[in-house]
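See the structures that follow.
Heads up, the next two complexes both have subunit A, just with different partners, subunit B and then subunit C.
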Partner chain A sequence: MRTFWLLVRAGFRRHSTYRLALLAGVTTNSVFGFIRASVLLAALASAGSAIGGYDAPTALAFVWWGQALLGTVNLWGFAEVKDRVRTGDIAVDFLRPVDPQMAYLAGDLGRAGINLVGRGVPAILLGGLLFDLAWPPSALSWVAGAVSVVLAVVVAFAGNFVINLLAFWLVEIRGITLLWMITGGLLCGLYLPVPWFPTWLRTIANWSPFPSMLQNPIDILAGRVVGTDIASAVAVQVFWAVALLGLGQLVLRAGRRRLEVQGG
Partner chain B sequence: MADESLSERLRPYRVLLASRARAQMQYRASFVTDILGTVGVGLAEFAEVWVIFHNVDVLGGLDFTAALLVFALSNLAFSLADMFVGHLDQLPRFIRAGQVDAFYVRPLPLLAQLMTSDLSLRRVGRLAVALVALTVALVTAPIAWSAATVALIVLTVVSGTAIFSALFTAAGGLQFFLVDGSEFTNAFTYGGSYAAQQSQQVFPGPLRIFWTFVAPTAFVAYIPAVAVLGLPGDRLAPHWLAWCTPLAALLAWAIAGLCWRLGTRHYQGAGG
Partner chain C sequence: MSADSIIETRELVRDFRKTRAVDRMTFSVEPGEAVGYIGANGAGKSTTIKMLTGILKPTSGHVRTCGLDPMRRRVEVARRLGVVFGQRSQLWWDLPLRDSFTILGAIHRMDDGSTRARTDLLVEQLEMGPQLGTPVRSLSLGQRMRAEIAAALLHSPELLILDEPTIGLDVLSKQRLREFLVAERHEQGTTLLLTTHDMGDIERLCDRVLVVDHGRLAFDGTLTGLAGTVGAQRILVLDLAGPTPDLCDVPGATLVQSESDGLRQRLSFDSAATTVAAVLAHVSSRHEVRDLTIEEPDIEDVVRRIYAASGRD
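Let's turn to the complex of A and B:
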């Protein structure tokens, strides 16, 4: 556990080196926040009433929490593990006394931490300053929202980790990564809230792990999901975190048996 | 040397581009995957528009067909610009690795070399989605066809591509200052593309001014689409303004040229 914590801190420090990049991220996220907020408000004005449970303040909260958490939750994936599998460096990870999956998870939590502080907080403050957005309605929503964000980071990491490990069997996983990114981006609730989807698409989204990566924490923080519904939103996330981490362990073990590193 | 013809001067670029194109076709499976990937990106972008219109009938004064036309025109221009100069995005990597110096020792201008350093053929996927959307929009929309309409559409696609290319070039020039903060410029390249595919009526005043006069992406799709469809009701987008699209492209390129010049002046080399 102590090692895990040390690795989290190392990840935090590693990614905090690039402060200008964090500021750049905030800027870009805010510009997209402005555009998306304008579009959603126009849609609500055109509908004349709430759509899918979103009125103007919750829709604005949806947009700005989404932009704020975009850097925290690694939706677009990472290539580090895939590259290490291809070069054979993953063998070094296997030799270490910590489980590779846990080590990378710790690093990713650290990365998420600095991005939340350096990118998420400024973005949501800016959104809150310029727009009249809905804040979490109670202390419970804040706490559950925080837990939900951590789970979202874990689910996104665990999913991407499995994708990266496919490099054990495939020479080039770019196509699969792309497919994962495109479906994920659409179904996680970054562009538009999942409840706005037509029924069939919403069903697909709800059976996928993607809403657990963004839509669930946003809904809790925006106060659209309250009371006992919070418990079920978090439970779904726990399910996906456990399932994908477990799948990752299985794939990692199978890949380890298959791995053959040449050289001396 | 003075009587060297234009086609002779352009020959190195033709050879370079042809070699880039051939290189991408070498790994057939990978190339097909990439194309499918950009088709997916285009479809995801379209899904966003479609989901909104699943909930409302009109958005920012546009019905679905009009919004489809705006979506198609902006995506067409963006994917063309992305194909020709989108790889200027890679500039921070070249700067950090000191590879820009290698371009400087070659006997061709830096910008021209960087532009022809790649031709991202995989973008034809997104281009195809945009073309299908454009066809559907033009067939279903009630357009009073005339030679002027056709000319306006062609003019729009050409100028729109020029506008997005200018934004990419301006972003490239600024990279010489930013390096680690390369993501800053995404705000107006990718952000601009996202703004271009919206009805400009959704934006509050200051944002509209920004997307019309500073990063003129309103000219890429919305303003011409309003004119082509003959839509009334937007005081800030009179129909004659659509014909000013080339002026917007010129303005964008003036800014881009300035940014690029400042950036390359600032660049000191990687040393060593």
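Let's turn to the complex of A and C:
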């Protein structure tokens, strides 16, 4: 546990060295926040009433929490593990008395932490200052929201980790990464809330892990999901976290047996 | 082969598709030994090391590291093992060097106090104090190699495996690294397995040499024995003041070549039998010596001779 925590801290420090990137992230997130807020408000105005349980304050909360969590949850994936598999550096990870998946998860939680502090908090504060958005309705929503954010980070990590590990079998995984990004970006509820999807697409989304990466924590924090529904939203996330981490373990084990690091 | 060998392989085989990288390799290393593992590029050195450390699955055969199956009991073996791959880093690239030691200490479940004490000791011995606050990516190659070795030794492993630790280092850095390793082994009794292209590493660090050729063990014995087997001797080149008759009567040395009426003569000698000083003293007592150079046997040459002796290319 102490090892895990130290690895989280290392991830935090490692990513805090790139301060300019954080600043650029805040700026981009905020600009896109304004654009997306305007679009959603226009859609709500033309509908004349709430759509799919979102009125103006909830929709604004949806936008700004989405922007705030964008850097925290690694929706776009990472290439570190893939690169280490390709170069053979993954061998070094196997020489440590820790589980590589847990070590990378810890590092990613650290990365999420610095992004939450450096990008997320400024974005949500800016959104809250300039727009009349809905805040979590109760202390329970805050706490459950925080848990849900951590789970979202874990689910996104676990999924990306599996994708990265495909490098054990494929020379180039860029195509798969791209597919994952596009599908994930749509189905996680980043562009539009999942409840706004047509029924067929919503069904697909709800059977996928992607809403667990963004839609669920946002719904809890925006107060659209309350009471016992919070428990089921979090339970779905727990399910995906466990399932994808488990899958990652299986793939990692198979990959280790396949490992043929030549030379060096 | 005793029951408590720290490394033990029997009929170890690893195939890569159609090539056999390691071919029925059988050897064992006892605790406290320092073993040099040499061979040409592609002879199977790295493949063996990867199987010893649990990175690579053997095709067949038996391997035990610290008494354990490294593939099945990776974590336990990793706790008792320190490994440095000269071309790969185990340090955290973006963080100050100090942080790598802190994290590795935690990974090896050391408490803060012992991590700090051990780090301080290694840093002092390797003279790395000034670099502790430097991000690893900014270290020079020599500094990084010392840091890698400190990182591998942090948890005081029983077995230290170094794969080409001095590759690319300048003479001074090599020297410091070797001195440190000698001292460290003297204090801790760490078993050492070392692959290298540098005969100097073997001479100064190892008391036993394994030569691998096409995945097979071609030689297993002492360095002196190796030199004896292949006749890899050092050559003393003497430039003399005037034309000199052939120096045939120097004890422990043999004349190899005489040029320009004996102005330059090349004598081969065995380090085990005599010393440069003795040969030089003998010659200078009779003739005036103007200059001298010593040609060390080079590892590629030694390996080539072993290969030739075993009837291969």
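Quick notes
Criterion: the second predicted complex is superposed on the first by the 263 of 264 C-alpha atoms of A that agree within 3 Å, B and C clash if a C-alpha of one lies under 4 Å from a C-alpha of the other, contacts with A are read in each partner's own complex, and residues count from 1 in each chain.
Following the convention adopted for this analysis, contacts are C-beta pairs under 8 Å (C-beta built on N, C-alpha and C of every residue); 3 or more make two chains touch, one makes a residue touch a chain.
Since we're looking at a predicted model, the values are computed, not measured.
Per the definitions stated earlier, placing subunit B and subunit C onto a shared subunit A by superposition produces no clash, and the two fit side by side. In the superposition on chain A, A:Phe239 makes contact with neither subunit B nor subunit C. Shared-chain residue A:Trp76: touches no atom of subunit B or subunit C. In the overlay built on the shared chain, the residue A:Gly185 is in contact with subunit B alone; subunit C does not reach it. When the shared chain is aligned, no partner comes close enough to touch A:Trp135: not subunit B, not subunit C.
With both structures placed on the common chain, the touch criterion links A:Leu23 to subunit B but leaves subunit C unconnected. In the overlay built on the shared chain, the residue A:Arg2 is in contact with subunit C alone; subunit B does not reach it. When subunit A is checked against subunit B and against subunit C, the one touching more of its residues turns out to be B. By the touch criterion defined above, A:Ala10 lies against subunit C but remains apart from subunit B after alignment on the C-alpha atoms of chain A. For the superposed model, the angle subtended at the Cα centre of subunit A by subunit B and subunit C works out to 100 degrees in steps of 10. When both complexes are overlaid on chain A, the residue A:Phe34 reaches subunit B alone and has no touch with subunit C.
Put simply, the nearest alpha carbons of subunit B and subunit C end up 13 Å apart when the two models share chain A. Those residues of subunit C that touch subunit A in the shared complex are 16, 46, 50, 53-57, 74-76, 78-79, 81, 83, 85, 87-90, 92, 94-95, 99, 102-103, 106-109, 135.
Residue ranges of subunit B in contact with subunit A, taken from their complex: 29-30, 33-34, 36-37, 40-41, 43-44, 47-48, 51-52, 54-60, 178-184, 186-188, 190-191, 194-195, 198-199, 201-204, 207.
If you check the complex, the residues on subunit A that touch subunit B are 18, 20-21, 23-25, 27-28, 30-32, 34-35, 38-39, 41-43, 46-47, 51-52, 172, 174-175, 178-179, 182, 185-186, 191-192, 196-198, 201. Interface residues of subunit A facing subunit C in the complex, by the touch rule stated above, are 2-3, 6-7, 10, 13-14, 17, 88-89, 91-92, 94-99, 103, 257, 259-264.
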